[in-house]
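So that you can tell them apart, the chains are marked A, B and C in the order they are listed, and the count of residues begins at 1 in each.
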């Protein structure tokens, strides 16, 4: 319990330093918000021009996008910077600094590098709210609870994928291209309902790099759709389970990486 | 059992051979070829509680590898290490609680925050008792003169100030052992002295065991009692600093200005290695003739205007030791007048 | 003059060393291509849209867009901001080479590398799997080539002006992002301007971004008459001249700023 509070402290300190640079902070936030809003606006323009894409209307697509962005930003708070910084930390020997402390290296690394993705969170929250209103989705404790659960599990899945992209740095020297691939390019598939892609892509996004569980399958539940393509309807409920399994696997993978670091140094 | 025991430790690293060309890179995906580099070759030493050890060696000698193993960051290939009855790479966290580290080239301070906040953070990290924390903090603030910059953000501090703060951080939790890696690098003379003085104080007051790695031989001269020297993975020397000087720094230099330019000592025990008119630089070996005797002899047999004695510096000695082959150390290495 | 060629070469080879990474980047580009193809296939299922755009049109649009955006990509602003922060910028003022051209040639080196190892393979893949449209007449080809070269010059000018502004505005990477967002919105890199709602479409005429890729591609696809094509090219040239003048002015101001501030 003590350590939990300690890790929270690290996060607080990081946020403090970010807020120090007030002007730059707000300038950056406005920039990011503009960028995301433009993204959403463009998708909205496209889909409303064509009315639907595979049976998904503009607000439904925005719902997908917002779910994705929300999970991405929550995962990012703890995991974005370490994912980017891990390779250079290992190369420069900075990772040693983490190992000489009487703390669990995993929790120390992620809380040490915590950041706040304020712009992403606001944009996704606002968009979600707009979509829920426009689509007139049922609002009751059960559905709200489910939504929160789905977003948090989605963040776990995204976070696990982030970790799987970063941890190879313990073995490889220049691994950032893998990260770009996993988190940038493959993720761009999720902007649209995966039913528009061919079968192998759908299988890939469901079983191999399970981005589909972050937004696509849960969206079926909320939007009362039946777009499961070749998979079983139960998939819409599986997100929390997948989240937990993946994060546990990622943690084990991390430990393997640290053990490797212990025997080979940097 | 000694406080720190390093027993027959060997550390091997695999160096992967890069294969040329495209087919090479594909091949290397399946069967990599590697060489084994032995960074640390069967070294053993014991350190007692409260010792101040200088651990030196050329770059790539295996210094940082040994230190990393003692910190629990690296696993030895074979052999074992015990620090205060714990195995550092097995009981990493427990060991870390009782250990402090100072990196000369990296800072442990939080960049954007005032110094005092960093102290608070480490207090929480090491679960330091509030009373003890206050005691230690005021002690260090006074000894290191940190009062003036306590409230300033770390990024505004000078190198010397940062190093002082780093030292305080490493010692706040009353560690039993502190590893100092190049603590005086890049500092001006005044700052260096201050740091060295502090280290000696701490060692004296609190019996903290200290292991210091450095390339600055003045650090060693001024701080350490004991010297361990490592090269190419093996220990070249392990003993007291005084013995080291006696054993390896056998020669000494007399710079004599004779009143008569043509005068020179006849005794074969005096080797004249440089002549600048009446000023002659003479090399002697302690084994052959001791300093007092040499001076007396010279003064009695010649008219001398000026005389000075130069003791060898370990920097010189160490340099020569690094340069020699590992099988071929001379039993005496005389300091020559080269650096005059 | 040859110095700048050296810069191009140097940048190119710096990236060449890490060419193993290129395969992964290539995979990424192919994935993004797949996403676009799937989306447009579904949207243009019926065959031809009211604006007269077919699936084949869109494929060519996407590919050419990819080529052009690779060639005009720029991190000049970030590089300059980094140099200002570390103080390295002083070195650039001492050297007997023009800051402008050295920056641009370095960028060209980077872009050429990506062009060869990334874009060409993607084009080959596209050619293999899809029907792409080719220009109807030789005149169209000529017009297209001229306009695309102008477009690239134009974008480099805009990027360079932004880089110059970092002497006054401190943050580099956010400004780059702003520009990219603007370009995406008004240059039609994501959605062609044909599909835009009226007010955005009108707005895009006041900004130079559409002249960089959208209008040239329209020429390629034969959607613009000869007069319209000539109008595009003329407008491009006018913008290039104006931007050049603006850039010269900013450069003078920047030099004054540096010599007063001390860099």
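Just so we're on the same page, a contact is a pair of C-beta atoms (placed from the backbone, for glycine too) under 8 Å apart; a residue touches a chain by one contact, two chains touch by 3 or more.
The structure presented is a predicted model; accordingly, all values stated were derived computationally and were not measured.
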Nearest-to-centre chain - CA centroid comparison: A
Far-end chain from chain C, centres as C-alpha averages: B
Chain centre separation in whole Å, for chain B relative to chain A (CA means): 47
Chain B and chain C: spacing of chain centres that average the CA atoms, whole Å: 56
For chain A paired with chain C, centre-to-centre distance based on mean C-alpha positions, whole Å: 30
List of chain C residues in touch with chain A within their complex: 18, 21, 24-25, 27-29, 31-32, 34-35, 38-39, 41-43, 170-171, 174-175, 177-178, 180-181, 184-185, 190-191, 195-197, 200
Sites on chain A touched by chain B in the complex: 2, 6, 9-10, 13, 16-17, 20, 93-94, 96-97, 99-104, 262-265
Contacting residues of chain A [partner chain C, same complex]: 24, 27-28, 31-32, 34-35, 38, 42, 45-46, 49-50, 53-54, 174, 177-178, 180-181, 184-186, 188-189, 191-192, 196-198, 201
Parts of chain B lying in touch with chain A, wherever the complex brings them together: 13-14, 65, 68, 71-75, 89, 92-94, 96-97, 99, 101, 103, 106, 108, 110-113, 117, 121, 124-127
